[in-house]
Amino acid sequence: MNGFLKASVAIAALVGGAGMAMADCGIEKGSVRILSNDFAALHVVASAAETCASGTVTVTKNQTTEHKDIQVPALTTNPANYTVAMIATNSVTPLLTNDLVRPLDEYVEKWGQDLQESQLIRVDGKIMAIAYMVNAEHLFYREDILAENGIEVPTSFDEMLAAGQKLRDAGIANPLAVAYQSGWYLGAAFVNTYLGTGGEFFKDGTAEVDINNENGIRTLETLKAMSGYMSPDFITYSTNSLRPMWEAGDTAIQISWGSTTGQYIADDSAVPEVAKATKFAAAPTINGGSIPSAALWWDGFVIAKNVSDEDAEASFRAMMVGISPDTAAANPEVAVWLVKGYEPTPAAVGVVADLEGGARPYPMLPYMGLLHTALGDNLAEFMQGKESAEQALADVTAAYTTAAKEAGFIE
Amino acid sequence: MAFIWPSLLAMILFIAVPIVSVAYQSLFVEHQQIMTQVESCGPFGCKSEARVDAAAMAELRTEEPMGRYNGLGTYTNASHLAFGELRAAWAASEGFGDFFDKVMNLPFYKALIFTLCYTFIVTPLVIVLGFCIAVAVNAVSARLKGPVIFFSLLPMIVTPLIGALVLFWMIDSRGIIGATLQVLFNDPQLSLKASPTLTWVTLFVYGVWHSAPFAFVVFYAGLQTVPQDTLESAMVDGASRWERIKYVTIPYLMPLATFIALMQLMDNFRVFEPVIGFSAEASASSLSTLIYSDLRSGDFPLFGSAAATSLLTIFGVVILLSPVLIRTWREFKHKG
Amino acid sequence: MPLVALSTGFVLLWLFLAAFPFIWTAWGSFKVEADFFSRTDWMNAFTGPATEAQTGSSFTGSGYHGAWIEQEFWRAVLNTSIVVFCVVTISLTFGTLGGYALARSGFKYTFWILIAALIFRAMPHVTLVSGYLLPFFEMNIWGYLPTTIIVLVAINQPFTLWMLHSFFMTIPKDLDESAMVDGCTRFQAFRLAVIPVMWPGVVTTGLFSFLLAYNDFTVTSMLLSQENQTMIPKINSFLGSTQQEGKVMYAVAAAVSAMAPLFVLVMVFQRQIVSGLTAGAVKG
């Protein structure tokens, strides 16, 4: 399954051409309107696409953290307010469900010579989206502290818990940290870990949830055991909370997003000795399994359906410049690119290890978001020891089923 | 009178019409999704996955754009009033405590309990504290009033986002407030974020702190209009300062107190930002966070469910305010 | 006198509670993240050892530089000024007219208008905003400042109406009636006799309209495009998202700099509130 992945992430390819010629993207005419989330890697892509602006081509962008809530109404109108929506594994499904994006096969054939097979998101044989980045949660560890205490880099949750105990005995009170904040984060933590068990979230071919089983309970018990080596505030930990603890030397092992690694090991880090000793590895396995317990995510873009062919074509070509090998080569540190010619930087080691370990993708199902919400809203009581694992999973099932019925996924 | 029209028009267009459409929407649920199994491929390989058949769904929607009629089904389902679950819980429980535990496990009731506690604890405290500050500030010398008013307003002026960021850090066990409390209570394990009870207390304290300036400013402005001659004649009659406040100022400010109570009951019943800001979702959920969760947290917004919770919120507000409203009605008849 | 001491002590205590977090934030905004959010000792936010180590001085303007220059926070400040100015002006114009009409009218429907306004106010904003999106996109008015301004005015109107209505109720009817006897029209009576007396009420209500428009996140974050973004959504974008770390010190610096103009404004307001206009006018 990971054949073409390695081609994209791990193997260097020859990049032809000599840098990006400013503003000549060969587009005759059209309007390019980009909607995206608001973070560094997407700024790089959008700015590169903006270089295509000319007397006859306009390029505008709206990069906002609220993009997910705006995209469906904005692309529903005719003509759509945006020609390009930058999306991720989860945010593409509402656009597909509402039939708001157009197939890209024709454009890929004509203008997609820089694309690799692994970048094409095919649904029912048609190319519906183009991916250009991957992301996943993985292990962060302090090489120096682990070595001092004679601990091997943990590869499974059992080893991680053992390491936690050893470190605690050695005087680090709360050596582990994972973002377990009630809500989206806790849901994500469950999804990651559950994927590692090899279990499926839904009964085959239906939208009926199937997590109140051995795998689900094992997952919850693991999360709870992990929280035992975190400070009592773990239920409020978000992505932002983790790095300060790391730099203060409070924790020695974390699981966090690949997209945050750059700041952990930055040359201008506030604590260079910590940055130097920070290393990354694949997420741990669970239950004697062999795959990292992490969901793989991709970031990509789609072209709106309700726009003129001229604008759609101009948009696609501008985006080809936005995600060109040159863009990636010029900004290798902002993301783990899927783009041709990208070579993983030290910051990308963890994500690549997840990929090579065979981690599973975040399910791209129309009702996965409902389950994620139900998980996030109903697991906190178990994590705080006020509810049994069975009861928590039953609550999740009930909340999800009610929501899925309203959304029409279950009768 | 023609003076009311601009105001009325704005409200009708941007609030009344949306409320009506939300009410209508709450009676419907999505069409049954027509699913197909398709092969989908991406960077991480291929898989046969369920997809919504968008073309078939579009056809369904042109026929019936609102979705399937569900009557009050959304209101009574497990995520809202949960009548079925309540009945089952009642039948299965051994005593009242057991029943209560089961009810508290239903998302709507869990949120309602917190919302009510928050409303009834924060509102009176805000009014009392605001009044005390207003009276005390009114006695400050005129030159100092400006800065004093500015600093008093700060808790309200600050955006809840920053309130969340900075205060949330300050109450951390390593932050200044959290660490000081640990020393004060001589408990190195004390953490305001970990225990549900302490989280509730933190939210209440924040609520009072955040809203007290509102009551303060209204009372303070009101104090400026208290008729001086009445106060003076009371003074001539030998009334103490306390008696003057009790018999002249408070009755005079009663309409303003009603106004503050009205606004605060309503705002507190819709409490939202503190819960999100303090990452307190684990221990506290309110009606507004339920709505937010329906609309924003997933990739598939549940408009019907959010609409139902919104209307239940309005209904709750009307019940809460009814005593005040009846009073206003009496006053109004009196005036007419 | 013990009462005076008690009252002064109370004011001081309150000022401490109200202002401390902000003074702390303002001070800390000149430190680096490792100090302001120090996990080793909260005193670091005060003394700034990491700031010293990283920048060579115990104060740094890097947060401000990042927010204002690198992230162009001034654009957001400009947008916020426009939004706030328009919202306050329009809200107060609509509100004083409406509140006056309601306070002076004896008709039964005025009561029901007030009640309806209250019920309107009970509607959670997040639901309202989700409903606006599609119609606004269809009418092609999404993302622009005027749309957001009028929505904020409408959302704020129930409150403005109630508050001004309450204030108008405290003003004796004789005041405008005697003006009308003197030959004024209803509008002249309103403008010349009532409004001067109403200053404290109008200023206070204006203050709350101001704060609503200034602090709003729900509406502005969903209805404005990137180039029209106001301060609060901008600050929020500094805070990161689920998969991305934020630049918290930018947010802190931006928030602190956003407070400075408020200080000036409140100083202006308080003179209006404090002025003895009212008492004299009511007596007369």
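Points to keep in mind about this one:
The first chain written gets the first letter, and so on, giving A, B and C; residue counts start at 1 in each chain.
The rule is short, and it goes like this: contacts are C-beta pairs under 8 Å (C-beta built on N, C-alpha and C of every residue); 3 or more make two chains touch, one makes a residue touch a chain.
In this text the structure is predicted, and so the values were computed from the model without any measurement.
Among the chains present, the centre nearest to the common Cα mean is that of B. In this assembly, C is the chain whose CA centroid lies farthest from the centroid of chain A.
The interface carrying the most C-beta pairs in contact is the one between chains B-C. For the pair chain A and chain B, the distance between C-alpha centroids works out to 33 Å.
Chain A and chain C have centres, each the mean of its CA atoms, that are 37 Å apart.
Centre to centre, using the average C-alpha position, chain B and chain C are separated by 18 Å. Along chain B, residues 295-296, 301 each make contact with two or more other chains. For chain A, the set of residues that touch two or more other chains comprises 69, 184, 238. Shared contact sites, meaning residues of chain C that touch two or more other chains, fall at 37-40, 130, 236, 239, 248. By the touch criterion given at the top, residues 29-33, 35-46, 49-52, 54-55, 57-58, 67-68, 74, 77-79, 105, 107, 168, 172-173, 189, 191, 193-196, 278-283, 285, 293-302, 304-305 of chain B touch chain A in their complex.
On the chain A side of its complex with chain B, the touching residues are 1-2, 4-5, 8, 68-69, 89-91, 93-94, 96-99, 118-125, 131, 134, 181-184, 205-207, 231-233, 235-236, 238, 296, 298, 338, 355, 360-361, 363-370, 372-373, 376-377, 380-381, 383-384, 387, 391, 395, 398-399, 401-403, 405-409, 411. Across the complex, chain C meets chain A through its residues 32-34, 37-40, 50, 54, 130, 133-134, 137-138, 142-143, 221-222, 225-226, 229, 233, 236-237, 239-246, 248.
Touching chain B in their complex are the following residues of chain C: 3-4, 7-8, 10-11, 14-15, 17-19, 21-22, 24-25, 28, 37-40, 42, 45, 93-95, 97-98, 100-102, 104-108, 110-111, 113-124, 126-128, 130-132, 150-151, 153-155, 157-163, 166, 169-170, 190, 200-201, 203-204, 207-208, 211, 214-215, 217, 231-232, 235-236, 239, 248, 251-252, 255, 258-259, 262-263, 266-267, 269-271, 273-274, 276, 278-279, 282-283.
Here chain B touches chain C in the complex through residues 1-4, 6-8, 10-11, 13-16, 18-19, 21-22, 132-133, 135-137, 139-140, 142, 145-163, 165-167, 169-170, 174-176, 179, 209, 213-214, 217-218, 220-222, 224-225, 227-229, 241, 255-256, 258-259, 262-263, 266, 269-270, 272, 287-288, 291-292, 295-296, 301, 303, 306-307, 310, 313-314, 317-318, 321, 325, 328-329, 332, 335-336, going by the rule given at the top.
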